[in-house]
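Two complexes are shown next, each including chain A; its partner changes from chain B in the first to chain C in the second.
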Partner chain A sequence: MMSRVLAVARNTIREVLRERIVLVLAIFGAALVFASQVLSPLALGEGKKVVTDFGLAGSSLLATLLAVFLGSSLLHKELDRRTIYAVMAKPICRAEFLMGKFLGLWTTTGFLLSGMTLMVLALLTVVHHETPWILLGSLLLTLMELGIVTAFVILFSSFTTPGLTAFFTLGVIVTGSFAEQILYFGGQGESSFVAGLTGAFYWALPHLSTFNVRGMVTHGVAVPPERIAFGVSYALLYMGAVLTIAGAIFERRDFR
Partner chain B sequence: MPFLAAGALVAGADLLDEAGRGRFQWGGTDELLYYPSGLMVRQAALGYETAAADIAWLRGIQYYGEHRQTDMKFDMIGHVMDIVADLDPAFIQPYIFGGFVLAQEMKKPDRGLQLLERGRMANPDNWNLAFEAGFLQYVCRHDFAAASRYFTWASRMPGHPEYVERFAAFASEKAGNRGMATLLWKRVLATGNKYMQEIARRELRGLGEGVQP
Partner chain C sequence: MTQRENVNQAGRVAPAPTGSIREVEPLALLEVEGLAKVYRDPMTLKPFTAVNGLSFTLGRGEIFGLLGPNGAGKTTTIKLILGLAKPTRGMIRLDGRDPRDPEARRRLGYLPENPCFYDHLTATEYLELTCALFGLDARAGRRTGATLLERLGLAAHARKPLRKYSKGMTQRLGLAQALLNEPTFLVLDEPMSGLDPIGRAEVKQILREERTRGTTILMSSHVLAETESICDRVGIMSGGKLLEVGTVPGLLATGVREWEIAVESLPERAAAELSAAGHRVEPLGTRWLIHVVEGPALQRALGLLTQSEVFIHSVEPRRETLEEHFVRALSRGKGNE
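Moving on, here comes the complex of A and B:
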């Protein structure tokens, strides 16, 4: 089973790389160096913090947007070109195919994110003569967050158009960032129905703030191993849940 | 040809934008006024609060620089630094910079100290914030007792430089608190470098403590 999944994943990686996303790495690197040279002198001694913040935020944002916009058309292209029939004719089930797509997309955007984070580390080493390895803790949790986003991309693309896939996924990202606030404000009202509904939303939505440790590492605080373990476990469970639903929907999808 | 046409259109749009800015005065730091508080900006930041804090910080510095070269009025500096603090409470420099501008340049020491105190609440282990608050109490409000308290607090925080204890001792002496001053100078004598020990001995002798020269 794994060999079939990995075959689809490898193919997906080739397909995504054909979009020349490596250019993104080059543009990001150039933008980072430019920002460092221009903004650091203006930051009144906080140049290192500014470069770290912008580097981590920029890499996370870019990787997430790439996952959303590249991933939203992945399945649709296969359906549009009818190549899905050739794939399904092979001894591979739909769930394995979907899993392969997920792994391929996550791997590619994950490498991009890692590359950008390493660029930030390199720049800080060269310009500020110190290498904050604690940024790697933030990288790991952001990778997990990216995995959840990718899972949602696969879920929505299993039954709707690329445009709606991107829209819904971005909606999940935004509401996932507000999950705690939704629960809080829902509980403030008098209606127990509303409180229950917002509670249900809270538990269904991904709690993306779990993976946000950028502020911590920027201020030189290492991410505790327990937090990393919790975040990774949460992400894997959540990704499993989303992909299970995606598989169930895709199983019933009529390709005509 | 199409690139030239596109370039000409963009240039035209830029000229129009510049003319609009001059006429209607849009853009600039006014956008900072539209945020009722940094908490609203924090919600909109969607997990990128520290980067948003840096943007607000850079904008605040530009605001200060622009007004320093023109009318020397920094009415919005407190609001800007509050936004930065809401977004990133562990960002120390805005508290200090904002506190000093409010106290020294705008002659509002209470507002400046309020900002520093906010920083101290969010970062209780930071010696620098306590030290700067003590400095403002000493220089702006001439409240030597309060300055002594802040300097002493700073001298108990980890990572403080040696001169903090000297400041604490000086302020205590100035406030008439000879007992505290003596204690602090004895600490400097025990832990300071040779230069500081000389000063400590001289001050202790002045306080009537018998110390060997």
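Moving on, here comes the complex of A and C:
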């Protein structure tokens, strides 16, 4: 099973890397990290924090955009160009195929994210003579967040168009980032229906704020191991659930 | 299963009559029974029946041709057989399994219609991917892949990106990936499409070799003359229905359509008498060709020509070609609708 999943993943990585947008975003990401250093003198002695905050936020944003906009057309292209026909006639489950696509996309965007974070780390080491290894804790959690986003891209693309996939995924990212606020405001009203609905949303949506520890590491605070352990476990379980639903939907789909 | 049990064409076990041992018929490789596929328009939900009540079986080691005009339901049938689409009604068994079970596809090779492969890969890389999907040993797969590329005339282009391949080259690669796992069942959707005459002859040769190896082949085609020359049986489809199934000689066994008598020279009087008897007389270069439709009339026509001292060059029965039969079957099918 794993060899088939990895074969699809390898092929997806090759396919994604061929897209010019990956190179453009990688260059843009590198430029963003170095631009943060250029801006740092304006921060009145807080240059290190600007580089860290700007670099981490930029790398997370670029990797997420890459996952959403590149990933949303990946499956659609397979169906549109009918390359999937010859693949699915082989002894491979549809869920394995989706898993391969997911792993390939997550690996590629994960490499972009890791590369940019390591660039921030290198910049801080060279310019500010300090190597804040605590950034790696933030990197790990952001990788998990990226995994959830990628799983949603795969889920939506298993039944809808690239445009709607991107739209729905961005919707999940925005609402998922404010899950706690949604629950809070839902509970403020008098309607128990609204409170119940927001409660259901709160539990169904991914709590993406769990993975945002950028403020913490910018201020030199290490991410507690239990938070990393919780974040990784939560993300893996969430990805598993989303991919299971995606697999079930894709299994029922007819290739016309 | 004991020796006293009997297995019929559909692969079902029936008790053998007491006191006798019957020969066990081989299990059918593919069984299709009452197959139907109805698609719905995603916007209007209006139903469209692509395949309607299809039933046939495929034995081992035979080449079966699925013929039909565009929109007859051939490709949908193939997709259902491969598990790419789910039947609305009916049953498909591929070596006794549901085709949606990946195990059923382990010894299956498939060439899609107008194949399209990942254009960022080379032929070697694509065959390596195929090898991994089949779970084949990478080294052995590479060897088999190289042999297949050589056999299909693609060895010199093995490292060229597939986006630079011509239609014919893509078709050949499609055949190579379909043969990589040494399949027992080959499904080929328009295998001759995009190939030049030499390529078509090579593909026909490969199909014959595969049949000799015991491979069952299901192919759809528009090129009727070529289908006729390699298929053991054919099925004619129209409007999602299977109009006829049978061996090519069996389907064309309506007998001799007419006899053609070629003569060296034909006196005017004899020509007039033959025309008056209802035979078509036409000049063919320095010769004349007389078309006689009915058997008894042939004897009378030959008697007349002998009496007129005409040199009879040849008398040839003309049978219906598959193409003629195909057109007739389709118009009959339309008439029944």
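Criterion: the second predicted complex is superposed on the first by the 242 of 256 C-alpha atoms of A that agree within 3 Å, B and C clash if a C-alpha of one lies under 4 Å from a C-alpha of the other, contacts with A are read in each partner's own complex, and residues count from 1 in each chain.
Heads up, the rule we're going with is that contacts are C-beta pairs under 8 Å (C-beta built on N, C-alpha and C of every residue); 3 or more make two chains touch, one makes a residue touch a chain.
Quick caveat, the model's predicted, so the values are computed rather than measured.
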Touching partner for A:Ala35 - first (chain B), second (chain C), both, neither: neither
Partner chain in contact with A:Arg82 - chain B first, chain C second, else both or neither: second
Chain B versus chain C as contact partner of A:Leu136, first or second or both or neither: neither
First, second, both or neither for A:Ser177, with chain B first and chain C second: first
Partner chain in contact with A:Pro91 - chain B first, chain C second, else both or neither: second
Touched partner set for A:Arg252, first chain B, second chain C, both or neither: second
Touching partner for A:Arg4 - first (chain B), second (chain C), both, neither: second
Chain B and chain C contact sites that coincide on chain A, given as residue numbers: none
In the complex with chain A, residue positions of chain C that touch it: 39, 79, 82-86, 102-103, 105-106, 108, 110-112, 114-118, 120-121, 129-130, 132-135, 174, 177, 187
Chain C-facing residues of chain A, complex: 3-4, 6-8, 10-11, 14-15, 18, 81-83, 85-93, 252, 254-256
In the complex, chain A residues that touch chain B: 39, 42-46, 49-50, 53-54, 56-58, 60-61, 173-174, 177-178, 181, 208-209, 212, 214-215, 218-219
Complex interface listing, chain B residues touching chain A: 43, 46-51, 53-54, 57-58, 61-62, 88, 90-91, 93, 97
